[in-house]
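Pasting the structures in now, so scroll down.
Both of the next two complexes hold chain A, though its partner changes from chain B to chain C.
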Partner chain A sequence: MIISQLGYYSLIFGLLTSIFIFFNSSIQLKKNNLVISDKTTGLIGFQFFFVFISFISLIYSFIISDFSNETVYNNSHTTKPLFYKITGTWGNHEGSLLLWLLVLTGVLLGFIFKSRNEPNNYRLLTTLFHQIIVIGFFIFVLKTSNPFNEIFPVQTEGLGLNPILQDPALGIHPPILYLGYVGTSIIFSAALASMISNYVNKSWAKNIKFWILFSWIFLTGGILLGSIWAYYELGWGGFWFWDPVENVSLMPWLSLTALLHCIVTLEKRELFKKWTIVLCIITFALSMVGTFLVRSGILNSVHTFANDPSRGIYILTFLLVLVLLSFVIFIIYENKNFTQKSEIFTLSKETAVLINNWFILYFLSVVLIGTIYPIFLDVILDEQISVGPPFYNKLILPFLIPFVLFMSIGPSMKWIKTNFKFGAKSFFVIVFTMVLSFFTVYFIGEKNIFILLLFIGFFYLLLKSLDQLREKTKNFAQIFSHTGFSLLLISILLNSFSSREIVKNIQVGESFTLKNEKIIFKKIAIEKEKNYESIVGFFEILDDKNTIINLQPEIRIYNEPEMATSEASIKTTLFKDRFITINIIKDQNFFNVRYQHKPFMIWIWISTLIIMLGGMFAIFRKNKEVNI
Partner chain B sequence: MYSKKVKLRFVFIVVFLTLIALTTFTVLKVLKDNVVYFKSPSEINLLSEISNKKIRVGGMVKKDSVMMNNNKINFIITDFKNELYVTFSGTVPNLFEEEKGVVAEGFLNDKKFLVADKILAKHDENYMPPEVKKSLGE
Partner chain C sequence: MQFLEKIKKSIFSLIILILLIISFFVFKFALQKEKIYSPKMSENQIFTDFEVVGLIEEKQINFNEVLTGKNFYLINIWSSWCEPCKDESEYLLELKKNTPVMMIGINYKDNKKNALNFLKLYGNPFDQIFIDKQGTISINFGAYGVPETFLINEENKVLKKYIGPLNDEDVYEIKKITNN
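Let's look at the complex of A and B:
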């Protein structure tokens, strides 16, 4: 009770601090102060502290199962394990917005600390713009999504957390994702500030690059966790479904990736100033669009906790205000400050970055159209449609080939002008690529010229990246990520062409075969846990060498809320995942069994980790020369 | 006469706009070919012809209609006005049950018969696909 009160008033204090910081920094800006007073820094610290207290109070309320709190009552239960009580804090609309606010204020604090050597008006302006976002979200939380609402009479038991959210990967997915997703806000504020303070130059690029990398790394990690979760928990054995909810996290990732390449060009050559600013604005706008789509109840998914139209309208209005504001600022300051060398197309790294950005922007548009169009049609024409994977495959795959070719040669280019030498090594790489691709296509038995071209492109990128990795002069971090990306593409392609599956409805004791393997349904057992009962199926897989592999998929029937989930049983090896799920239909005697071979699954996760690690190297090796 | 620079810029803009127009056209074309429409059994009944495009059908699983054998699950989707026979060989979501909402995706054989290749999962017991809500609400 008292803890909830504390959390609530802490939020109010946070809002008041924000308003105070807003006016305080406006006054300081007018005075043209040369130093940011300790007071401002202190206030930003306090603001974060207030949100932090509020966040801790909510976690505490969840831990002690304080059912006088509406959020806790709706989303928790006393029998839940402690870990899921804690992760349940952000497994709902109100709590996740509090987390949003925490990250939002946290990144500003981090920014102020990291930018001590930057010009003061730039720092103050960033603070000012960031406070507009912060205030907007404070009001949003307090008005439409207060996590500390009380209910009376106090209930003795809560409603529980959706069982499919009770999972370790999904427990930490929201905080990681938010660090990336909400981290883009500081890029937005800083971009607007740099425009007004005429600071769009090399040192600004150096300063903001950290935050771009920061958001990019966490967003990659968040998407990875979500994807792993979807793979085993939704029981489908897929890792990407082009679901709108996935798309809204992919879109900011794409524009962040474009931005990452742009910012280095700005840092080294002072080029693409306007374009960089536009990308900064687009990135945050996309992350707001995602929040709007997910929170408004327009999209239906596990992320849509409650449908409340007022929330959607608020976010949409706020988004439009921010976009309009940045648009106006851009128009006013566009020609004032941007003295820019004219861009000439030569064979250079600048051109390579530009081409990279065009491609990424194209991919982004495809994803955006595929995501928005069904919503548009629903609202305008009241017609329900869905856009499936073929749409994305047809529009993205063909363009991946030129994209990876440019990606292969881009890093070898030099700034301003490059002279390419076609030596014995280049010839060797091409021959090796061809041999590898033909062999792979032959091996997986696909007689399709298009697939062959895809493999040629992907293997070429892999071999070129590995080659560039050996050369000491090149940027290690970037090439490392590129290698990861080529591995990811190859794994995905191999995975999608050599996955095999079989679905059977069988009873205990029966068996079936997939390729050379025999799958035997041995027995079932009932196990009782604290918050669920589980039906465990015991399966034996006999492969062609007569090795026995045991798999034990489960059906869990949770008690609060009462709901069944399928827990896949997966045997991972270096080259293949064996994946089995069981299901039952009420009043039927059969078990619905699905058995899959998913080749190279683990490589999809590993290569994404490599991409992410590349970003981390870029941050930690910053003192050494970092190039893209 | 225009200077060389202006001419170059003009060419650049024309090429750029053509590219954008071409891309937009392609994207919309592919989009049109790849959308999956959602219909209720009654709406299917009103169709004048059966297209060979993928379709989603939503409604309620009719009571006592589920029949299983080793390879197939057969059931009937109803919106309480019209019914549609569905045959399906694949995994069913956890919350697939008689007298509960369902969405099946697949190809129509005729107005009464759907060969489904996917049955959509629901995320929790309170959740109903918007399509189902709509078709049951009508």
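Let's look at the complex of A and C:
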């Protein structure tokens, strides 16, 4: 109880510190100080510290199950394992916003430390802009989503955490995703600051590149964890559903990826200044839009019932204020400070980056329209539609082919001007790609020219990326992320075309077959755990070589809140996942069994990790020539 | 003002500004609206050809047979673990008293003991209750979650669908439709 109070007052102190920092840095700006005072740095440290204390208090309240706290009461239960008590802290609206705030203040502190050699007014202006966001979120948390509300009388038991959220991947998914999502805020503040302080140049690019990579890596990781969770927990065997909630994390990722390529061009060639600033603003605006869409309950989703419109209105207004603010600043400073070299392009790396940006922007608009169009239609014409995978597949897939082709040749181009030589080696790569693609398409049995073209594009990218390894100055960042990306596309394509599935109602002792495999339902057992009871089905799979694979899918019946979830049992091998789920049919002695072959699943995860690894190479490789 | 002058010069930025403001208002309306939607009558015939099991008497019956003899049916998806359902029960009781509607409850992912306790505590507004342990029946109806309420007529057409708990306005609307 006292701990809850501590958390609450710590938040208020945090808000006061923010307001103080805001005025303090504006005064310093007027004085035109040459060095940022220790006081400001100290204050930023304190601000983070206060939010940190508040966050720790909430975690503590969850651990000791302090049911005098409303957030804990609504989302926790004494029988929950410790790990889920802790992850429950951010598994709800109030706690997750506190995490937002923690990351928001944390990145500013990190920025101040990392930018010691930058001009002072740029640092002060960044602090100033960042404080506007911080203050906005402090007020939002305190006014509409206070995580430390008390309830009286004190309850003896909580309502529990949604069982579907009780999963290890989902436990760490929000913090990782938020590091990426909220990390974009510092890019936004720094972009505005650099514009005003006339600092949009090579050294700025070098400075902000770290934060772009930082957000990009964590956002990639966050999306990966979300997909892993969907695959293992939701029990459908899918990993990406083009669900609006997924889309809102993909959109900032796309614009960050575009930004990543632009910032290197700015660093090397002082080009695309305006465009880079626009992308910085768009990226943060998109993560705010995402927060708004997910947190306001505007998307019809199962988790957003007890929603409070005032929250949505607040974020929406705040978002508008920030976007308008950046818009005004951009318009005023647009031409003033941007002296650039003429942007005349020949066949060069700059052109490749520009083309990359066009494509990414196109993909981004498709996802954006697919996500918000239903909302617009609902408001304006009162019609309900839902936009599903066919929409995205139709609009994105065909454009992936030219996109990956440009992506394949882009890295081997030089800055300013490239002379292409078409030698025996290039010819060999193309022939090899063709053979590989024909073979793959033949193997999966798809007689479709479009799929063949997709494979050709993806394999070409893979081979060209690997080919970079032979060059003298190797750029591992680019090689890894491009190789990872091509592997990801190949695995997704293979996965979607050669997945097999069978659904049967069978009793214990019966069996069925899928391709050359025999699936035998051995027995059923009931097991009791701390916070759930589970019905376990024991299955034996005999594959074509007569090796036995054991699978044990479960149905878990959680006690608090009472809810049944289906736990898939998955056997992963290098080339194929075997995926089985069971369901009870009421008053029947048979079970509904769903058995699937999901090829190359593990490659989807591995290739995403390779993409992230590429980002890490870019961060840790300092003072060297970094190309894209 | 410097800003206004620049805006005047560039049509492109003006368009963006207008788009931003329009989007703001669209989202604002969307926030206030969302909950209720009335589907187009012709399209919205619910799927009724499946077996259901009663909550109180555990008898199996085809749902088509349940939907006979009345002009209007109100299907309410509820659960004992659902907090908003507790507030909703008074509205359902009022509807039961004041309308000629047949009240059908679908007990969503619940257990019998808790469900019966819930009815004892908050009153039983239903003429018939069926269990939906797996949530599959609710999926058949196209429900998003609990609570959710469907008003259907004798031709199994969905007249109204309410996502989330009913309120005074909804009750008034249902009364108006069914008492005519």
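For the reader, a short list of remarks on this structure follows.
As a working rule, the second predicted complex is superposed on the first by the 614 of 628 C-alpha atoms of A that agree within 3 Å, B and C clash if a C-alpha of one lies under 4 Å from a C-alpha of the other, contacts with A are read in each partner's own complex, and residues count from 1 in each chain.
Quick note on the criterion: a residue touches a chain if its C-beta (ideal position, glycine included) is under 8 Å from a C-beta of that chain, and two chains touch if they have at least 3 such contacts.
All figures in this text were calculated on a predicted structure; none of them were measured in a lab.
Aligning the shared chain A places chain B and chain C in steric conflict. Within the superposed three-chain model, A:373 lies in touch with chain B and out of touch with chain C [touch as defined at top].
Using the contact criterion defined above for the overlaid structures, shared-chain residue A:334 touches chain C, although it does not reach chain B.
Touch criterion not met for A:520: it reaches neither chain B nor chain C. In the superposed model, A:594 makes contact with chain B only, not with chain C. By the touch criterion stated above, A:583 is placed in contact with chain B and with chain C alike. By the touch criterion defined above, A:564 lies against chain B and chain C together after alignment on the C-alpha atoms of chain A. Within the superposed three-chain model, A:320 lies in touch with chain C and out of touch with chain B [touch as defined at top].
Once the complexes are superposed on chain A, the part of chain C occupying the same space as chain B corresponds, among 6-14, 24-32 or 42-50, to 42-50.
Shared contact residues of chain A, touching chain B in one structure and chain C in the other: 300-302, 384, 561-564, 583, 586-587. Within the complex formed with chain A, the residues of chain C that make contact are 2-3, 6-7, 10, 13, 16-17, 20-21, 23-24, 26-34, 37, 39, 53, 58, 60, 80-81, 83-84, 109-111, 114, 131, 133-134, 144-145, 163-164.
Across the complex, chain A is touched by residues 23, 26-27, 30-31, 34-38, 54, 56, 66, 68-73, 89-98, 121, 123-125, 127, 129-131, 134 of chain B. Residue ranges on chain A touching chain B, taken from their complex, read 162, 164, 234-236, 300-302, 362, 365-366, 369-370, 373-374, 383-388, 390-391, 394-395, 503-506, 510, 555, 561-566, 581, 583, 585-590, 592, 594.
Residues of chain A that touch chain C in their complex: 159, 292, 296-298, 300-302, 305-306, 309, 312-313, 316, 320, 323-324, 327-328, 331-332, 334, 372, 375-376, 378-380, 382, 384, 561-564, 583-584, 586-587.
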